[in-house]
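Each of the two complexes below includes subunit A, the first together with subunit B, the second together with subunit C.
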Partner chain A sequence: MINIQDIRETARDMLTKGEVRAVIGYRRGSRGMLAEPTFITSAEQADELVWDPTCFHNLSLYLVHDRKFLAHIRKNAEAPVAIVAKGCDARSIVVLMQEHYFKREDVYIIGVSCEGTGVLDERKLAKHLNGAQASNVAFDGGDFVFTTAEGEKRLPAREVMADRCLECRIPFPREHNIVFGEDKTGRQLEAPFAALTRFEAQGTGARWDFWSHHFDRCIRCFACRSVCPMCYCDECVVDSITFPVTTETTAEDKANRIRWIERSAVRSENITYLMTRAMHLAGRCTDCGECERACPVNVPIRLLNNKMEREAREQFGFEPGASIGGPSLVASFLDRDPGDFIR
Partner chain B sequence: MEKILDKKRIDDWIAALDNWDIQGPVLEDDIWSYQPVSGAVRLDHPNTKQSPKGLAFPQREIFFKFEQIKGEAPRLTQVVPDEQRHAVFGVRPCDGRGVPRMDLVFNDHVEDNYYQARRKNVAYVGLACNKPPSANCFCLSVGGSPVSTDGLDVQMTDLGDRYFVKAITETGKGLMAAAGKLFAEPSAADQKQVKQVHAEAVAYPQRAVRNVEEVPAKLKASFKSPLWQELAQACIGCGICTFLCPTCHCFDINDEVQSKAPLKGIRVRTWDNCQFPDFTMHSSGHNPRENTGARLRQRVAHKFQYFPENFGMPQCTGCGRCISECPVGIDIINVVNKVAENAA
Partner chain C sequence: MSEQQVYEPRIVAFLCKWCSSAGSDLAGVSRIQYPANATPITVPCTGAISPMYIMSAFNKGADGVLVSGCHIGDCHYIEGNYLARRKMKLIMELLEFIGVEPNRFRMSWVSAAEGAKFAKVVTDFVNDLKPLGPQDKLKKAEHT
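Moving on, here comes the complex of A and B:
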């Protein structure tokens, strides 16, 4: 079991000594039991840190924000940033380092093991709570224990855990500077890719109907992209900012500028958006589940990313975020690749 | 006009509205949304994920089609919204109050033909909140109430096995008159019960924006406050808070080219959102709202300062969607209270 005091102590100590500029972690928010990201810069704030099954967020996104901000103000980082990272989050950090987004010494990883659990799925929970609001959640080793106005409610972890956590192969941040909690790798409650496998058991027709339905429902709020640490492109394929207009620009130039994806949230454009994003995440997505969690209309985006992840695993034995020095999927090839176009 | 409707007869009422498209709350993919309904209408929903604003202000509105064949004059064909009438059932009072706020923007301040053409064909049949359906409801503190009738054509109140149905507008009377026989006169006991239910609804504790009348001046004094960036640090810049809001109305207009030779396409209006980083991006690359703090300030000050300055009322109706749905916990009640509290 992780004692939150240990995490707080680590943060306090590093901030006091000036070893890090900030600690990115979780604190209790204003919405019932839910945690939210926090950015603490002074030792006194360390006590606000929390760790519980509502720490969904993959905070490595904020390392990306920090990098972009430093680039914008043309400054180098004066000291590293510390970050609380679960297994999947730490793997995202590794991918970012494989891609040279920042260096290992720029980040101090405070690893937290998910041990016997993982994070909650708010949608699964809502069904069990049936309108009741939980003000607190604790994990007692087998069950999640929720405090509600109607009293205490216990639910087996596997009924309300996020799918990705049920299937998680390594619920432990192997890359870390310090780590809390035991490594319980191998404790997965479902086989890897179980949800995807269940989905793919259906015929093509049923799958197409399913996706058509969901592609039509997407409202293109781009929360899935914006919450994703891997979607760091300065100009995403959906943005319309790539076109510099000068006094010389003609109406014709404007009309003919390349637009990969139109703004209309209609099936053709939504497919292009979501499929492009899935392709751009192949070998990079560490299945932190943030895109699917953030989606306000429950588009099951994880299935798309999982498909790419499984493809990379089966074809190339590739495990995203396994090691900093390791290859990145799309920037490497195998000598024994059967396709001659690549050699 | 005040009547009583047996709960079992609501489907008959809907059936009687035969030249109306009926929209009701539907639970699908674990979320509630307004969808066309034919038979049974369920009114046991909390609030819907998206507000009903899309009926008058759809996410995508085609203005006209254009076409140019080489050597000929360009041809424009206006696309006019259809005349289908929509009656939305189950509208929560906060979403009802969103309607007059949208009207101020599109009917009063300027006249937007497309909005008007759709708006005149939508009727809002509201459902009072006997108990606030979300922990983030705060209608009472922004001038509304769980039993407000503002913006609604009809207000329904759940009295257990029957609804107390009250016409608010002429359109509402028409909707009720279309099935006059289904409705009964309310008894003195019904009147008493509805008063009681409403009183309890209003007494139910809610979260609150403090001293909303003083907020505009306080925000005005806080334009340069460092709090904005502090409070917006976690914001990811997505479209959730604005797209789901019953009163956010920013849009973008684009030409979508469907074929280059011959040149063919459509001009479309789509929802846009002040939280997207490229919303105010200039083509030079300069962005006057350069960080999440400046963008959060825009969203919050629009609701709680600029709109009150222009129209004398907060634009926010307290539905709480932007709070419940923000993936990183940005909470408009906290933001307003904190900035106002720290105002010079």
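Moving on, here comes the complex of A and C:
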């Protein structure tokens, strides 16, 4: 069990000593029981911090934002930023460091182990509560305890946990400066890639029916892109914002500029967008599941990323976010990479 | 009565400058007969092919996409085809995953001396594509 006071104490201590300039963590949000990201810059605020099953956000996104902001105001970081990170979040941070987005000393990782459980899936919970609203939720061994208007309700965590947490292989932040909670690696409640394997058992036709339905529904709000810590490119391939338009640019030039993907929300473009995104995340996605959670129309984006993750693992023996010094998936190769598909 | 139109698949072939492009040239100068369905696009190296090119080709109406480069170990840039092998494997798996017929994407190694092999690769590809019919899954809908 993680005692939240320990995390608060660590944050308070570091801020008092000036070892870090901010602590990125979770606090009680304004919407029911849900936690929200918070940025703490003074020791007094440390008591705001919370740790409960609704801390599903991948906070490493804000390290990226911080980096972009510093670049924008042309300042160097004076002190590191501390961040509360779960297993998946810590792996994201490792990938960012692997890509030299920031250095190890720029970030102080306060690791939190997901221990026997993981984080909540709101959609699953809604089915269990039958319309009731929970005002609070807490970890309790293998259960989640919800406080509702009708009193306390105890649910086994595995019934309301996010799918990715059920399949999580390493629910522990291996890269950390300080860590709270026990390492329960290997506590898998479902086989890794279980949902993916179930999906893949279907034939080509059934798979296409499934995906074409979901590709049709994408509204191209780019929530998946905004919420992803790995989608940090200044210019996304989807929107060519750096196309220079001057007085000399003719209408024909504008019309003929390269647009790999149109922005209109039609199936063919949505496919190209989502597939390209999956390719760009291959070997980088650490399965934090934020894209799928943020999606307003419930496109199963995680399945695509999962597929890439499994191919990387099985075909190339590659594990995203395993080490800071390691090579990246598509910029490295092995002699024994499969090549039997090539004629 | 008009003649019945025969479906001819359109193939976009990304050929590396050093091997496959020269290989296709050899097929031509050797007067080897093979279907004219492939539109060649010469790229500096297969390693330079972004998976985006493949998606884009399908998006713009290609019925099949062929990627061809130097044999492993023969890359002009030493390791370009090794990198391509990984990337193309991933995009191939992904295409198959969403339900695109596996035969729509193909990769081959054709050296500058293998004109006959290039002709065979294209012929086989066309023969495999014909039963699949036009590719409309990833194709951009035409604006009317």
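The rule is short, and it goes like this: the second predicted complex is superposed on the first by the 333 of 343 C-alpha atoms of A that agree within 3 Å, B and C clash if a C-alpha of one lies under 4 Å from a C-alpha of the other, contacts with A are read in each partner's own complex, and residues count from 1 in each chain.
Keep in mind that, in the parts below, a residue touches a chain if its C-beta (ideal position, glycine included) is under 8 Å from a C-beta of that chain, and two chains touch if they have at least 3 such contacts.
Predicted model only: the values in this text are computed from it and were never measured.
After superposition onto subunit A, the partners subunit B and subunit C occupy separate space and fit alongside each other. By the touch criterion stated above, A:R220 is placed in contact with subunit B alone, subunit C being left untouched. In the superposed model, A:D239 makes contact with subunit B only, not with subunit C. Rounded to the nearest 10, the angle made at the CA centre of subunit A by the CA centres of subunit B and subunit C in the overlaid structures is 90 degrees. Using the contact criterion defined above for the overlaid structures, shared-chain residue A:V266 touches subunit B and also reaches subunit C. Contact with subunit B, but none with subunit C, is seen for A:P296 once the two complexes are overlaid on the shared chain. When the shared chain is aligned, subunit B comes close enough to touch A:L34, but subunit C does not. Fitting both structures onto chain A leaves subunit B and subunit C with a minimum C-alpha separation of 6 Å. On subunit A, the patch touched by subunit B and the patch touched by subunit C overlap at residues 262, 266. Interface residues of subunit A, counted against subunit C in their complex, comprise 200, 204-212, 237, 260-262, 266-269, 271-272, 275-276, 278-279, 282, 304, 307-308, 311-312, 315-316, 329-331, 333, 337-339, 341-343.
Interface of subunit B with subunit A (complex): residues 29-31, 33, 46, 49-50, 59-60, 135-136, 233-234, 236-240, 243-244, 252, 254-257, 260, 263, 268, 270, 273, 276, 278, 281, 283-285, 290-291, 323-325, 327-329, 331, 333-334. Those residues of subunit C lying in contact with subunit A across their complex are 51-52, 55-56, 59, 72, 79, 82-83, 85-87, 89-102, 106-109, 121, 124, 137-141. Considering their complex, residues 29-32, 34-39, 57, 61-62, 69, 72, 123, 126-127, 131, 133, 214, 217, 219-223, 226-227, 239-241, 243-245, 255-256, 259, 262-266, 290, 293-294, 296-298 of subunit A touch subunit B.
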